[in-house]
Each structure stands twice: as C-alpha cells, then as structure tokens.
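See the structures that follow.
First subunit A sits with subunit B, and in the next complex the same chain sits with subunit C.
So, the complex of A and B:
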C-alpha cells in the first residue's frame, strides 16, 4: 500500500466514520469533520506537483486478483494529478459550501456526506487507476453515487426521475465501455493502460480495434453528456446545488473527457477517433449553447452551458489528436495547441462554472427561486454575489482579462488550424468546425449575459419571491470567492500553469508527439490583430445584438416540436420497455408452483439430455466397477421407492409430509452405508427440521386436493417425471462408467491435512479449499431467508392495497 | 382443543440442552471429524425448533431473545471479515492458516485454525436463516 492507494481508500474509510460523527457530535455540522479529508488530500497531492512537473511519474502495484491479471495499480502522471487536484480542491470548497447550504436541523446530513465521500473516493479511483477493470469498477461507482446524490431529496418526483435517467444512460454507456475494455484485453492481453500504449503498433492493425474504440467512446460520451446523451444532465440538476457544482460540472461529467484523454495515446491518429471525438464535441458545443438560451431556470441554463463546454473540450481533444500525424514533427504544436487549450479550459471551466453554480445556489437559497422571470434587481441587495456572477459569466463568455478569454482564444486557434489539415477529408468538411464553434460562442455569450443581467439588473420584484432577498452568510461566499479569485489569477498570470501542470498533462495525452519538444508555449494575452481576435470581437458584437433583440427571434425555438425531442424519445422508450417486460413476465409468471416446476424440470431434461446425446457421454459402467448389491441395499432401495410412490396416493397432507420424511431418512441411510457421515448427518438434520417446519405451518395449509385436470395437464406431468427420472438415472450410471479420468478426490486426500491442517476432508473443502463458494452460498441463503421474511410480513401488512391494485 | 403436552415439555427441557451441547461439540469437531458449522448450526436450530414446538412461541421468545435476522447478518459479517483479515498479512482473500499451541486445560498441541472462525460465521448464519424462515412461516397466522 502506497500513499496513492490511501488517497483512494481514505474517503471510503471516512464513510465508515460518518454515521458516528453524525450521531454523537450532532451539535457540530458533520461537514466540518468531512472538510478535513479533501483539504488534507489536496495538500498531499500538491506536494507531489514539483515531482510531476519534472516529468516523473509515480506508480505502485498491489495484486488484487492476480490470477485474472487484475491489479490495484495506481499511476500518477500529469493527467492523473490534474484531475485528482480538481477532485480534492473543488471537493474541499464544495464541502465547505454545503455546510452553509444544508441545514443540520432539517436535512439528513449523514446520507449526504456518505454519498459525497463515496463519490470522491470513486472518482479518485477512476483517475488514478492504471488497470482498466479497476477503473471500470470505480467508474460505475461514480454513476451510482451520482444516482444517490441526485435522488437526495427522493420525495420529489423530479429528483427520482432525474436520478433514474442519469443512472440508466451512464450505466448503459459504462457497460458498453466494459465491453470495449474486454476487446482491448483480447487484443493486447493486458488490462494495464501503460502496457497497451507500448503495444499500439500491433493493436491498431487488428479488426477489433475500431469496435473497441466505438464502445469506449460510447462510455465517454454518455458520462460526459455529449449530444445526444446530454439529456440526463439538465434533469440531474434536481440534486442539491453543491452536488451539481461538484459532480455535474467540475468532476464526474469530466470523467468522459478523462477517458478520451487517457486513451488518446492509443487511438490518436485514427480517422474514426478524430471525426467522432471532434464531431460529437462540436455538435454538443453548438446544441448545448443554443438550447441554454431558451431556458428560464438558472440551473438549467448552467446545465446546458456545462453540456456545451464539455463538448468544446471534447472537440479540442479530438483536434489535438491530429498532431500525431503532423509532418514534419516540428509542426506538431500546430495541432497540439488544441490539446493544451482543452486542458487549460478544463481548469478554467472548473473555476468559473463552480463559482457560478455556487452563486446560483446562493440566489436560490436567499430568494427561494431560480426562475429568471421572477428574479431581477438583486445587484444592490446582494453586491458580493453579483460580483461573483459578473466575473464568472464574463469569463465564461470569453471576455478579457479573465481566464476564459485566454482559453477561448486558444480554442479559436485550434479550430482555425483544423481547416489547414490535409487528412481525413478535412479540406472539404473542415470549414464546418470553426463555423459551428463560432456560432456556438455567440450563444455562449448570450446566455452568459442572461445569467448575470436578468438576475441582478432590471426591476426587483419582491412580491414574486418566497423570501426577502438579502446577502448570503459569509461562509457560503468564501468558496465562490476563492474560485473567482482563481479566475482572475489564471487570467492575468496564465503561465503559472503552463510549466507546472499543463506541460506534464499534455505530455501524458500525447506522449509520442511531445517527447523532446517542450512545445507548450507561453500563453499570452496579445497576439496582434489576428483572426482569433476578430472572431472574439464578432462574438461580442453579434452576441450583444442578439441579447438585446432576444424577444424578436426567440420564436425559432418553437420550430423544434417537443414531440421529436430526445427527451420524449427517452420517455417513450422507457414506457414501452416497461410495457413489454411486463407482458413477457405475465406470460410465464403465472403464480402456480406447478408451472414453475414444469419450467425447471423441462430445462433440466433438455440441457442434460442434450449434453448426454451430443457428446455421447453415456457409458455403461464396466464390469469391474460394479460392486455386488447386498440384501439390505435392496431393502433400502425398495422402501425408498415405495415411500415415494405412496406420496402420490396419500389422502391427507400429514401422511404426505411423513412419507417425504421417510424418503429423506432412507437417503441418509444410504449415505451412512456408503461412508459419508457428514452428508448423512446433514441430511438427517435437514429432514428433521423440514418436517418440523411442515408441522409448524401445517394448520395454515389448505386441504389437500387432488388436481384432476384435463388430460393434457396429466400427460405433461407424466412426461416430465419420466424424463427427469430417466436422465438422472443415466447420469448416475455414466458417472460410474467414466474410467479414463482421474478423480480429483486424490488431491484433497493428500493435501487436506498437509495444507489446511484438517483431517475431515469435507469440512476442509467447505471452509478452506472452496471457502469462497461457501461464503457465497451462505450469502444466498441469507438473501433467501430475507426474501421469505419480507414476502410474508409485507403480504400481511399490504394485503388490502395489493387487492385494490388488482 | 387443548393438547396435553406435559410429556413433550418435560422431555424437551432435558433433551434440548443435550442437543445444544451436542451441536457445539459437532461444530468444534468439524475440522478433524464429521461435523462443522453447517451441521452444527442446523442441530442448534433443531433444538430451538423443538423448544418452539413444545412451548408457547411468546414464552420462548422471552427466554431466547435473539433477533435471528441480526444473527444472520453477524454470521455473514464474521465470514466476510475472516476473508478480509488475510489482507492484513498480505495474503489473498480467504487464506487460512493453523498452528499448534499448548493451552491450559485443553492440553498440549491443541490445534487452532482460522478456518474455525470462518466456520463460526457459517454456524451463526445457518442458525439465523433456519430460524428466520421457520419463525416467519410459523408466526404467519393468516
């Protein structure tokens, strides 16, 4: 265990402490205790910044399931460090913010912080794991914790809807990604990303390469809310605002970007990779910003804005992948500027969007609404919040001197350079990329202005607000103030980032290109009167015009009928799926035990019979394996058969129960004769207990009725009972007939004392050699007993309501 | 109809303790002789069932105030934690070890094995499950 392992595991250990902290220190807000964790981890990770800036990497391995090549291996490079700093850094601010946002009197803080810590640990696991199976595990854990956090106010219908939607979409993508990972394993014979990168040459020629890429991209696109999977993100805004700021803007939705960046060394240079990543990114960028303008809820605007910004970063990562193909290699920076811009904007987005979410949370908290039609004129009432909003939105709109301006300029440089590329048909279609990017930027400008001016200027309408608006408590303002300070600091001194974090990160995304060419150049504010600057000026001019004339052109949104929206499609698919599954279930789940037994037994007959016939496994036992049958064995066998046959004729339930008991005791006598004392003992006790169980509930059972149904019913029964009998007899005989194979019992005989220190082989197998089986078996038994318990208890309590539903 | 079950009750009072003692013996004997957590658990459960059959359910509940669902959980927890415990020694999940110790009363060279702790988990789980199922069905008066 290295410190990196503890970075991932510590949040999970804290989860165990949360209930106790919540219960025994309820005078203090639980958030204060939790706050120490992300701050501590952030400082710890910061101390590794110099090492990583020097271009070193840190790697540690622990075997987890070595036999399956699954190792809990952690890997810290520029990319991993950047993300873990974001997770812990924004995490600290969000926890601090939540202390003021969630009141300790009325909210269930223990569940909130449990989920939040689960998420933090899982997210750190995603960005620090090198083994893709471990990565996948943490990936799904982020989806689950996100689900739980969105549904935090689970009594609201919309929260549940949003939570389910996000879960279905992201887990669907996650499963696709798992399939992609397995394909990668088939090609490279390793689960380690490092080792895959060293095998690119042999992998890229294989036929599974493109399918694997598509599946992995599906995972990344669903997680990062790319068009058309973006529909879950706006609905996820039902979560408490700290959660939206943390998961759905700064960290979790960036996991998809992380995945694309992480797999860039493997896939970069492929035409499909470039077109998919850039194409989906640009379309998402446009669609997100275009739709943000029509929203009236502040959080919805921010949600669509996040969708759009994620698309922008995605497209930049796609453009950056062209640098692998650049010729001569010195030209690589021509395209790699896009990757630098992507990473730079990723940091900037976390700062200004985090601040904006917190700002919206404050407005919501202090006025009781987020609807821009009700808000207005808050500037004088909430001056500090207004300042935060102003800086955040101006940075988002790409105005100088904030950091958003710099990354927006670099973005324009990136998309401009694409048009000069000479591969993948870019000469003809490439021009679309800068055009869409520019139009999207105009809409970005418009909604940014909407956020700040519709909320804070204009006429104050106190009669529409639930609360009397006033400035937020100071503690709630600290986190967004820290973030907007960073917006300004990164805006004025962007080069504190270049050498320290941008260069190592870009190097881990494009290792083959940048090795030896320290090509992340200085970021400067002034490049002269070039195309990028004119593009920005155009954005501001047209954006201002559109903002002022919004009433006139807003009707174009009505051109897109709701009937054809992706949301409607999702809802209808869900309803149809439920209907169809219901129909399938009703068809075969009749509620009659007899029907289920028919399914089970016919399945046994078919599968076992198929194997017997197909592989001709049946061998009549050879003469030397057959022992003579003793008289008492005859007696036992005949009594068993007689008892079994008598059950059919039993007229009362009591007789039937006793006869079943007789069969059971006979079988245990067989175990005694054939020297299996453990089995005999178990069988005896099981029989005793089940007879006792029958006696206990005997009075409640209905009168035994002979089911004299039609002839078809009886013939089915006859066929199935004969079938099972014949098949099992044949199998029992062929077990004796197999003589070529060596029995595995020899191994247990030799090793049970030597290796496990036990003389009783059966017990040693149960608890040691096959201990894992036993553990899972008792878990299954436990679940079954809970099932019995809840079926009976719930039936008692809910009987009336169930009948009403019928 | 009131059943006169004096004989059953009198015998149960004596026999149930014999069964319980036997079940513990079987459980401990498990590693080297026939027995183990599964059988031990079943026999303990059968002793409890006998008590429930002979006496009034409410009465036995006050004598043996065990929440069997919690007992199941405890058993599962012990079993899983035994598995996790091997991580502390840098071993794969569910690795067992054993050794011989000289203990007072139990004599020299008594074998102590970690597998028994795991088996204890199995024992608790089996008792818990059996009793949960039997009591839920038995209590269901509808």
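So, the complex of A and C:
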C-alpha cells in the first residue's frame, strides 16, 4: 500500500465516519469535518508536483485478483496529477461552499456528504488507476454516486427523472466501454494501459482495434455529455448547486475527456479517432452554445454551456492527435498546440465555470429564483456576486485579460492549423472545423453576456422574487472569489502553469511526439495582428450585435420542434421499452402451471433430443444380449399400457383410482418376473395403501369433470407428451445398446455376506452399505407425514381460532 | 424383452406427462404416480433383465441379477409413496380452503 493508494481509499474510509460525525456532533455542520479531507489530499498531492514536473512517474502495484491479471495499480503522471488536483482542489471549495448552501437544520447532510465522498474517492480512482478493469469499477461508481446526488432531493419528480436519465445514459456508455476494454485485453493480453501503449504496433493492425476504439469512445462521449448524449446533463441540474459545480462541470463530466486523453497514446494517428473525437466535439460545441442561448434558467444556460465547452476540449484533443502524423517532427507543435490548449482550457473551465455555478447558486439562494425573466438589477444589491459573475462570464466569452481569452486564442490557432493538414480528407472538409468553432464562439459570447447582464443589470423586479435580495454570507463568497482570483492569475501569468503541469500532462497524452522537451512554448498574450485576433474581434463585434438584437432573431429556435428533439426520443424509447418488456413478460409468465410444465418438458425434449442426435449415442440393442419374451409377458405389458391409457378416458373418480391401482399391481408383477422379490412385495404393500389413501381423500374431492379445452391446446399437450415418451424410449434403448461397461454391483454381491452377514443383497445394501441413505429416506418420510398431519390438523385449529376471534 | 419394456416405459411417460398437463388436481396426482412407475421400470430395465437368479445369496449360484437398481427402486418406491400422500392431502386441503381443484383457478389473481 503506497501513499497513492491511500489517496483513493481515504474518502471511502471517511464515508464510514460520516454517520457518526453527523449524529454525535450535530451542533457543528458536518461539512467542516469533511473539508479537512480534500484540503489535506490537495496539499499532499501538491507535494508531488515538483517530481512530476521533472518528468518523473510514480507507480505502485498491489495484486488484487492476480490470477485474472487484475491489479490495483496506481499510476501518477502529469495527466493523473492534474485531474487529482482538480478533484481535490475544486472538491475543497465545493465542500466549503456547501457548508453555507445546505442548511444543517433542514437538509440530510449525512447522505449528502456520504455520496459526495463516494464520488470523490471513485473519481480519484478513475484518474489514478492504470488497470482498466479497476478504472471501469471506479468509473461506474462515479455514475452511481452522480445518480444518488442528482436524486438528492428525491421527493421532487424532476430530480428522480434527471437521476434516472443520467444513470441510464452513462451506464449504457460504461458498459460499452467495458466491452471495449475487454477487446483491448484480447488484443494485448494485458489490462494495464502502460503495457498496452508499449505494444501499439502489434495492436493497431488487428481487426478488433477499431471496434474497441468505437466502444471506448462511446463510454467517453456519454460521460462527457457529447452530442447526442448531452441530453442528460441539463436534467442533472436538479442536483444541489454544489453538486452541479463539482460533478457536472468541473470533474465527473471531464472523466470522458480524461479517458480520451488517456487512450490518445494508443489511438492517436488513426483517422477514425481523429474524425470521431474532433467531429463530435465540434458538433457538441456548436449545438451546446446554440441551445444555451434559448434557455431562461441560469443553471440550464450553464448546463448547455458546459456541454459546449466539453465539446470544445474534446475537439482540441482530437486535433492534437494529428501531431503523431506530423512530419518532420519539429512540426509536431503545430498540432500539439491544440492538446496544450485542451489541457489549459480544461483548467480554465474548471475555474470560471465553478465560480459561475457557485454564483448562480448564490443568486438562487438569495432571491429564490434562477429565471432570467424574473431577475435583473441585482448589481447594486449584490456587488460582490456581480463582480464574480462579470469575471467568470468574460473569461468564458474569451475576453482579455482573463484566462479564457488565452485558451480561446490557442483554440483558434488549433482549428486554424487543421485546415493545413494533408491527411484524412482535411483539405476538403477541414475548413468546416474553424467555421463551426467560430460560430459557436459567437453564441458562447451571447449567452455569457446574457448570464451577467440579464441578472445584474436592467430593472429590478422585487415583486417577482420570493425573497428580498441581498448579498450572500461571506463564507459562501469565499470559494467563488478564490476561483475568480485564479481566473485572473492564470490570465495574467499563464506561464506558471506551462512548465509545472501543462508540459507533463501533454507529455503523457502525446508521449511519442513530445519525448524531447521544450515543445510546449510559452503562452503569451500578444501574437501580433494575426488571424486569431481578428477572429476574437469578430466574435465580440457580431456577438454584441446579436445580443442586442436578440428579440428579432430568437424565432429561429422555433424551427426545431420539441417533437423531434433527442429528449422526446429518449422518453419515447423508455416508454416503449417498458411496454415491450411488460408484454413479453405477460406473454410467457401466464401463471398457469400447465404453461410452465410445457416449457420444462419442451426443454427436456430439445436438450435430450439434441444430445441423442448430435452425438449419435443411440445404438440399437444387439439381439443376443436381450432377454427372451414369453406370451404372458406380452399380455402383462399390453394390459399395463391399456390400464394407464384408460385413466385418460376415465369419467369417474373411482374408475381412475382403480385403474391406477391396476397399473401399480402390474408393475409389481413385472418386479416378480424380473427377479426382484423385495420390490414386488414393497410395491404391493405401497400400492394397496395408496389406493386406500386415494379413496379416502377423494371422498372429499369433487367429481371429475371433462377437460374443457380447445383442440389446439390438446394437440400441444399430446405432442409434448409423445415427445417425452419417445425420448425416454430411445434413452432406454440406447442404454441397452451400450454393453461392455462393468457394473459396480459385483462388490456388493461379493461382500454382502462377508462384511455384512446378510444373504439378501438388496436389503444389505439398504441397511448396511448405504445405511445413511436409508436413514435420510426415513427422515423424508417423517417430514412428509408431519406435513400430512399438520395439513389436516392445522386447518381445524385455524378455523376454531378464527371463530373464537369473531 | 428390453425393447418391449422400453416401449412400455415410453408409453407410461407419455400418459403421465399428458395427465400432468391437465388442469384437474386429481389427474395431476395420478400423472405423477405413472411417471414414477415408468422411472422404476426404466431403472430395472437399464441393468439388463433376467440375467441371473434373484439377488439372494444361495449355495451354488454364481450369477445374480444386478442388486443395485433394486436397492435404488426400493428407496424410490417409498419416497414416491410419501410424496403422493403429501400431495393428496395438499390437494384435499387446497380444495377445502379454496373450493376448487382446477389449476387454472388456483393461479391467483391477474397481476396481483
């Protein structure tokens, strides 16, 4: 167990403490205790930063299920460290924020922090695991904890709906990913990502390579809410705002990006990889920002904005993968700038989006609504919140001097460079990428302006608000203030990030390209009057114009009727699936004993028949081994069958009982012929008692009725019965065909007298050699007789007591 | 003889199965009885018929019929007797309590 293992396990240990903390220290908000964990982990992880910046890698293994090649191995490189710092850093701020957001009087804090810690541990597990099966395990755990957190206010129907939706979509993707992982294992014979990377050359030529890639991407796209799987994210906003800020903006939804980045060393350079990652990313970027503008709920705007920004980072990762193909090598940075931009923007997004979510939470908390139609003019009432919103949105819109400006410029550089690539048909289609990116950026600008100006400027409408608006408590403002300070710091001094964390992270994403250092250049604010700057100026100009004239063009959203939306499709599919499975269930689970017996017997016929035919086990018995038949034996056989057949036609109870008795006595006659005196005697006795018992019971039972069944029903029954009979006959005959196997009963014949002192071999077997079996048999009889007794007895007593009660 | 017995066994199984698939409790119990008869005969036929003297040690006899299936069948006869009697009482009780011996009506309500 190394320290890194404890980083993953500690949150789970804390989970166990939460109920006690909640119960015994209920005077203090539970969040204060929880806060120590992410802060502690964050500072400890920070101590690894110099080592990782140096280009070193830390790896520790513990065998978990070694026989299946599953090891709990942790692996800390730039990428892993960046994500774990995000998880613990944002986690600390979110926990602090939640202390003020969730009141300890009215909310169930113990469940909230249990789920939150579960998530934290699971997420750390995802980004630190090297073994993909372990990674998958933690991956699904994040889905589950996200489900629980979205449904935190489970009494609201929308919360449950959103939780179920996110669960279904992300777990569907997770399962696809698992299938992809298994394919990877088949190709590489290892579950370790490290070892897979070392055998890319042999893997990439295999036919399973592309299917594995598609399945893994499906997992990443569903988790990171890429188009068209993005529909779960807006509905997930029913979660408490700290959760939205943490899971659904800063960390969990970035797990998909992490996965793409993690598998880049394996898949980069493949045409399918580039087009899927970039294509889905760009479309998501556009669709998310385009739809954000039509929202009226602040959190919905942020949700679509998150979708869009995730798409942007996704597309950058796709573009960055081109650098593997770039030739000559010094050209690699030309495309690798996109990867650098992706990581840089990932950090920036966590800072400004986290701050914005917290800001919206404050507005919601202090005014009682998030609807921009009701809000307005809060600037003078909530000046600090306004400042936070201003910095956050300006950074998101890509305005200088904030960090969002820098990463957006790099983004433009990245998409511009794509047009010059000479592979994967980029000469013709590549131009679409910068165009879509630019249009999306305009919409990003528009909704950013909406967030800040619709909320804080304009006319204040106190009559529409549930509460009297005022500034939030100081503690609630601290986390977003810290985040916007980072927005400014990273914006002015971006290079404190380059060498420390960007370089090692990009190195772990593109190891083959960036073996030599120095390819990540300094990030500067001023590049001269180049295309990127003009693109930004265009965004601002057209964006401002669109924002001001929004009323005039908003009707274009009516072009997309709700009826054809992906949400409707999801809802309809869900309803249809429920209906169909219900139908299938009702169709075969009828409740009729007869139907279940039909299934069982058909199965017997099919399996045994298959074996008989497939393995040609049927051999006709050889004549010389067969016993001769006497005339009276013919008579016996025929009368047995006739008596049995007559039961079918018997119209009275008495006839049926007598006929079953006839069959029983015939069987005992058979035993006489077959030299089994003990059997014959027992059968006679048992048959006599049975008939007596039948008569006794049927005295109380109703008269036999004719079976009222339609003809098809009877024919099925008949066919199945004949099938069973034929199969049994063939089995009996096949047994005779197989002669030459020595019977084990010679032992009993030889030792019956010698060891047990008995002449009757059958009796000796029963009471001596297999004495225990007989004893258990007696126990069975005892249980049966107890059952019989109590069934008769209990009824009477039960009736009596009911009467007494009345 | 074995071939004849195989056919008899098959027919017993056919009739027993058919009775099991009906919906009167009484016929179902009779069906189980026939099935166990069939199974017993199958067991004893498997070992080969009339291959020696009855399995009771005697001076000068060297060949006996196989005693093992007989021991098995003996156990089975007794067990199936126990099961049949339990089944009978169960049917009797079910009829008394519920007023029907029709399996279709004993299946409970539709969809709870």
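Going forward, the second predicted complex is superposed on the first by the 589 of 806 C-alpha atoms of A that agree within 3 Å, B and C clash if a C-alpha of one lies under 4 Å from a C-alpha of the other, contacts with A are read in each partner's own complex, and residues count from 1 in each chain.
One rule holds in what follows: contacts are C-beta pairs under 8 Å (C-beta built on N, C-alpha and C of every residue); 3 or more make two chains touch, one makes a residue touch a chain.
Bear in mind that the values here come from a model prediction, so they are computed numbers and not experimental data.
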Answer with first, second, both or neither: which of subunit B and subunit C does A:695 touch in the superposed model?
-> first
Go through the superposed model and pick first if A:785 touches only subunit B, second if only subunit C, both, or neither.
-> both
Return first, second, both or neither, reflecting whether A:772 touches subunit B, subunit C, both chains, or no partner chain.
-> first
In the superposed arrangement, does A:756 touch subunit B (first), subunit C (second), both or neither?
-> first
Please work out whether A:206 is in contact with subunit B alone, subunit C alone, both, or neither, and reply first, second, both or neither.
-> neither
With the two structures laid over each other on chain A, which partner does A:656 touch: subunit B (first), subunit C (second), both, or neither?
-> second
With the two structures laid over each other on chain A, which partner does A:500 touch: subunit B (first), subunit C (second), both, or neither?
-> neither
Name the contact category of A:682: first (subunit B only), second (subunit C only), both, or neither.
-> both
See if subunit A has more residues touched by subunit B or by subunit C, and give me that chain.
-> C
Figure out whether A:793 sits in contact with subunit B (first) or subunit C (second), or with both, or with neither.
-> first
Please identify the positions on subunit A that touch both subunit B and subunit C, taking each partner from its own complex.
-> 677-678, 682, 686, 689, 693, 697, 700, 759-760, 762, 766, 774, 781, 784-785, 788, 792
Subunit C-facing residues of subunit A, complex = 591-594, 597-598, 601, 621, 625-629, 633-634, 637, 640-641, 644-645, 647-648, 653, 656, 660, 663-664, 667, 670-671, 673-679, 682-683, 686, 689-690, 693-694, 697-698, 700-702, 704-705, 707, 717-718, 720-722, 724-726, 728-729, 731-733, 735-736, 743-745, 748-749, 752-753, 759-762, 765-766, 770, 773-774, 777, 780-781, 784-785, 787-788, 791-792, 795
Listed in rising order, the residues of subunit B that touch subunit A in the complex are 26, 30-39, 42-43, 45-46, 49-50, 52-53, 69, 72-73, 75-76, 79-80, 83, 92-94, 96, 98, 111, 113, 115-116, 118-119, 121-122, 125-126, 128-130, 132-134, 136-138, 140-142
Subunit C contacts subunit A in the complex at 1-27, 30, 33-34, 37-38, 40-42, 44-58, 64-68, 70-71, 73-75, 77-79, 81-86, 88-93, 95-97, 101, 103-104, 106-108, 110
Where on subunit A is subunit B touching in the complex?
-> 63, 66, 677-678, 681-682, 685-686, 688-689, 692-693, 695-697, 700, 756-760, 762-764, 766-768, 771-772, 774-775, 778-779, 781-782, 784-786, 788-789, 792-793, 796
